Amino acid sequence: MIKALSDSVRSYPVAPVLVALFVGFSLFSPYFLTTGNIEAMLTANSVVLIASIGMTLVFLMGGIDLSISTVISASAVIAGLVMAASGSVLLGALAAMLVGLCFGLLNGLLIGVLGLTPFITTMATQLIARGVAFVLSKGIAVQGTPYSMMDFGFLSIAGVPAVTWAGLLVVALCLLALTQTDWGRHVMLIGSNRNAARYAGINVRLTEVSVYAVSGVLGGIAGFISIATLGNAIPGVGDTLLLIIIGAVVLGGTTMEGGEGSIARTVLGVGLLSVLISGLNLIGIAFYDQLIIQGLLIFFGTWLSMKLSTRRH
Amino acid sequence: MNGNTTTPLLSFRGLKKSFSGKTVVDGISFDLYPGQVVGLVGENGAGKSTTKNMLCGLLEPTGGQILVDGHVVERNEGHAHGISAVHQELSLFGSLTVAENMCIGSMPGSRLRIDWREMERIVREQLDFLGMDIDPHATVNSLGAGMQQIVEIGKALLHADKVLILDEPTTSLTAVEREKLFLILDKLRDRGIAIVFISHFLEEIYRVCDSYIVLRDGQQVASGQLADVTQRQLEALMVGRSFENSPDTIRPVTGSCEALRVENLGSADFRDISFAVQRGEIVGIAGLMGAGRTEVAEAIFGLRPATGDVHVHGKVVPERSVAGMKRLGVCYLPEDRRVNGLFLNRAVRENLSVAAISRFIRRGLFKLGFSGERQATQAVVDSAGIAIPHINVRVDALSGGNQQKVLLSRWMATEPEVLVLDEPTKGVDIGAKFDIHTRIRELAEHGAAVVVVSSDLPELLQLSHRILVMRKGRLVGEFSREEFDSVRIISLAASVDDKVA
Amino acid sequence: MKVFISLLFALAMSAASLAQAQDKVTLGLSVDQLFESRVGVNNAIKAEAEKRGYDLVEVVADGDAQTQNQQIQSLITQGVDAILVCAVDQNTIERALMAAQRAGIPVVAYDRDLPDSRVVAAFVGPDSLSDGREAGAYTAAQLKEVTGEKVVVELIGALNDQNGIDRSKGFREELAGLDNVKLVEVPTDWDSARALSGTQNAFQANPVVHAVYAATDTHIPAVETVLSDLEKLKTVGEEGHVVVTGVNGSNDGYQAVLKGTADGIVVMDLEATGQTAVDLATRLMNGESVERVNVITGNFYTTDDIEANKDTIWGAK
Amino acid sequence: MKNTIRTVFTRQKWLPIAIANVAFATLLALVSPAFLSLSNFQSMLVQSGVTAIMAVGMTFIIITAGIDISMGAILFFTSALFAQLMLDTQSYLLAFTAAMCCATLLGAINGLLVIRFRMSPLITTLATYSIYRGMAIHMTGAQNIPVPREMGFLGNGRVMGLPVPIILLFVIVVLGVYVLNHTRLGVYARAMGSSARSARESNLPSNSVTVLVYGMGGFVTGVAALILLARVGGLQSGIGIGIEFTVIAAVILGGTKLTGGSGTVIGSVFGAFFLVLIDNGLNLLNASPYIYDIVRGVVLLAAVVVDRVSARRQEQVLSALRASRLDEASSSRCTRGRDGEQALLGQR
């Protein structure tokens, strides 16, 4: 029993910290454990959650996708424009995913087929996506977003915001794809040993392209969701998110070397960062001190989960 | 030849090395005099690398004595005692220049300034000494393998110039490069440097060395002056009598139904490779490291580009790929299991099922899930005799033998009709080796065609119906079981000229 | 581990301080980002709140729209009595503000208006249009004498910021009276480093420049740097002086005008903005009705009168 | 002849970017006569100065196969510290010393963390980015702090007719070139990036090199911070945040690979200059400012694609060389041998 518990703690080193912070903040701030606060936390972090799942998939395969943050912006802007022009939310959602897919495919082809370094490639596409977002929007929020988008943002199902449900749906789908399909298995194995995957007959290129494509599509969905949570599409929406996304993924314990980690861990990582930020705000820690605490947490948290996972064997 | 010096530079008395109680090398005793070149020969696994590492001070012997200039020393300090080694895997820096590589250990000049002139002088002097015209400013990446080898020798000699140990220095060299290397070794000998030369190529041993030491199964079985033995005697000493006659417990091939045919396969690493394998037949491919065996195997599976055709069951394979071959019932067990075979940080379960996932699972609703994988892989583990605590343990926690069994079982699970096994028993213990051999025989008896690539000749002699010999990217000989002759096979694989065949 | 212990300790401390503040009026202050003039208004708000015996909870979104929404929600959860907000983006805050409306918490926008909002009860801040006009009128007057093409470099603020847009609009309205004007736009996104390199490029592309207008006077030192690079840094009245104007009222602008390298700046009255903001909030809390838009017009000070008005310039040191 | 050209290109990795600079500059000169003035040239050099100076440090870090994402935050913190100390003490000596020491220290801390905790440099410096930035805002309370007028000397003063930032850039570049090419540190740095295994086997002082290299990165960031501070005229909250990606782009454009091992300081400087040229060109074309990001991204992509394609070609040459070994093994050794020798000699 105790061994099972300690095993799961080792697999999810973030979990006890998350629980501790949650309990701690609940004790020290009367406002932390209120529906209003929890709901706000869930809503505000749904975009980060979805994008982090994309980044997790790429990390698991041993890559990195720096462009995901500005793909959020580009797809939000384009979805906004499409919705403003057509009035159709559905078309907007499709447009967002299509934009994400295009950037994802671009990354995937350059990295998987041409063999470029993921870091530089996605750094370049990050710039391009950002440029696209700002050029198309002329730097300002897209006007004429249907009100139904904001209603969607306000919608709450069973006490949980609809955007969070959307995030959870993405989590569930990706969890399913990663743990229950051959594709997911291949992603993990490529991350573990790219050569061995090739020698085992896995189509490494195709899988790589598809993972970046999925990451792009998730960026697109995140962009679309951002319109719901903000009520408007703005070109700068993704700019501030990259570090939070990477932070959440590594904090969850998914390493950049690939083959190790999980979507569940990333969900915990996102949870931990959101609880931390919300809690620190509530107890009145200045935002710059929050930055310091966040940095320390990302550093030592990542170190700790790395340590625990190597000690496991 | 040994000059007038009477004290040996270096002497070893009964060196012994054990790893966790298991003795790997025992009873190494010899003297090294200035200007002497000793050839250290032996089969794969005879203990050459362990001996080498003790000689150059990388490993501390568990027993025996080391004498430097006639005095017993506590520890072999390597460089401090003037001993340097050139290992098979060069420790060079590709993007640095020749001069920088050679001097990286002790650069001339002050902390704030490298004295490039001095460095160039040292390097030029060294290169002149070696008789090589290499540009000290060229980057090592831009040099051929032979030049790199010489740079490494120059680097080694800069640090320690009494004893030089060379481990298989010629495997990646062209004939010209090799000849240059030998001239250099001659020169070094003339200047009183003692050399230990480790090689498979007996011609080279005769060309370079004046004395020899033969290792077999970790024991020093013979030593003396090369002038006193013929090459054939030396080969016999290396192989030992026990493997002279292969066991005849092998069932002959029945019928003749061709399973795999390779026609005129060619690439940058090999030429004109053609052979065929019958169902139920085990064909061994012998050859030295670097002979191009692995490259051929990989080319068959489309893992590296090559011209020529591969036929499976009489039909030509249009586009070679691992996945396509797998569909045709052909599988490949790669040579380096850590680099190309196993997913080290993933569970044994996943490592086992990767090549034939559909045979391990019952796909549920919407073709999702891996239900039944655990039980099915557990069954494989049990039947293959893989010793693991549980099915989800990471594969890097396993011993070499068990790892190899996992890899083999992965491919067995595809129920292959043609198997290409590259070094299937490399680095595994005797028990696992026996198990693996048994499985290979069983497969052949059930009608599979098996190609075994191995550097372990006794293994091939035991297992195969037929042995093909490769040298320098070409097939140079073929032996049917009746003709098996280990000495002839070795000399064919290791000869410099084609004439030997 | 130490980190967590000290964290818990910090938690305990702040919980203790929180516990005392239940029955007082509490203002929620939601800030987009911290920079000089914002800190200036915030300080004015804090001072006014303290004077009136209010408590104040400040949250900073660090430029992230999502975070600001969350922070406003959390202010609502904390039961603040009124919210003062400066939005990261004027278009993306409605969501959170609607929640405030439902909770019956009045919202006052300060510094940056939310013109489309159905929630914001009052806005207090600069009249950026008129601020821009003042600088524009001065520039136009100075350039009247110039014959031929009149080259004006305009450092524009962020294009997603109504203040930036209006300051530009106002400035151009006044310049429209002149003929033969070549306007060179330099986008800055309120970033001095970008302003610097943009200005540099603009001066290279246009060897003769007659006037520079900075949407925020914190960019004036960068303009001075460029002028001095080109050895064109002359004080007002000297031959070859380039007319430099700006909006804001920071120490950078004040010093430049004091020296005479800049002609004049429009100074925002941050003190009044802060006071009015708290006042508006108070009146809204008391159920009084207030004006929707309350502009605090800036004052244009030139080299002649700037020193005399030092006390009214928030940034002057 | 063709061979020599290829050799020169492969050895002088900064040449392609230098040629790209010249080509693009020629194009701009044709489009706009104003471009070709000395003052425009100086102005562009000054503009690229801050990036270029930091790129010198980043080059060293990337050559050891590391990366420093926190450079922008170091720049911010150093500027803040300098401005704050000037405000509080009015002592140039104190402020300068403290700022430079602090910048170097922050960089060195990155190096220490990398060697001590063995986490990827990307994650390590990502964490310190957040910490340094938080510390900077904590110290200043997000206030702007003006710096004294005389400080402007660093930003636009002239010594013997040359702008001070250009002189500083020149000094740093010369120092960088010197250290990379003429000291053990430089050789060790290249060696570590070239092969970590060989570095271990050769007993190189990898740990001290790592700390030194990151420390140098911090030091040059300190210099860049002071120049930027002087040119902008005072501390602005958030100054320098995000510049690290521009710096990395400059280094990559300069021909240094993220995998480490080789690279040139000159190339990185040219890379930084090229980025300014692009801005300048877009400015001349009156392009929308939002296009800039797209163009930069495309240029960066083009650079890595070209690099990758030429690397492939080199691989083909190598495999052809291997293939020639096969022929030689079978046919008459004498003649073939000479060919082989020639092939070898021809390579250098």
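Residue numbering begins at 1 within each chain, and the chains themselves are lettered A, B, C and D in the order written.
Note that a residue touches a chain if its C-beta (ideal position, glycine included) is under 8 Å from a C-beta of that chain, and two chains touch if they have at least 3 such contacts.
Quick caveat, the model's predicted, so the values are computed rather than measured.
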| item | value |
| --- | --- |
| Contact-richer chain pair [A-B vs A-D] | A-D |
| CA centroid of subunit A to CA centroid of subunit B, Å | 46 |
| Intercentroid distance (Cα basis), subunit D paired with subunit A, Å | 31 |
| Averaged-CA centre spacing for the pair subunit C and subunit B, given as whole angstrom | 72 |
| Mean-CA-position distance for subunit D and subunit B (Å) | 42 |
| Sites on subunit A at which at least two other chains make contact | 138-139, 286-288, 291, 293, 296 |
| Where subunit B touches two or more other chains at once, by residue number | none |
| Interface hub residues of subunit D, defined as touching at least two other chains | 137, 142 |
| Pairwise chain contacts, counting only pairs that touch as defined | A-B, A-C, A-D, B-D, C-D |
| List of subunit A residues in touch with subunit B within their complex | 176, 180-182, 185, 188-189, 192-193, 195-203, 259-260, 313 |
| Residue ranges of subunit C touching subunit A (in the complex, touch as defined) | 3-4, 7-8, 10-12, 14-15, 17-18, 34, 57, 59-60, 62-67, 69-71, 73-74, 76-79, 89-96, 98-99, 158-160 |
| Contacting residues of subunit A [partner subunit D, same complex] | 64, 110, 114-117, 119-121, 123-128, 130-132, 134-135, 138-139, 243, 246-247, 250, 256-257, 286-296, 298-299, 302-303, 306 |
| Complex interface listing, subunit D residues touching subunit B | 7, 10-11, 182-184, 187-188, 190-191, 193-195, 197-199, 201-204, 261-262, 319-323, 325-330, 333, 336-337, 340-341, 343-344, 347-348 |
| Contact set on subunit A toward subunit C in their complex | 17, 20, 24-25, 27-31, 34, 36-37, 39-41, 43-45, 47-48, 138-141, 150, 153-154, 226, 229-232, 234-237, 239-241, 277-279, 281-288, 291, 293, 296-297, 300 |
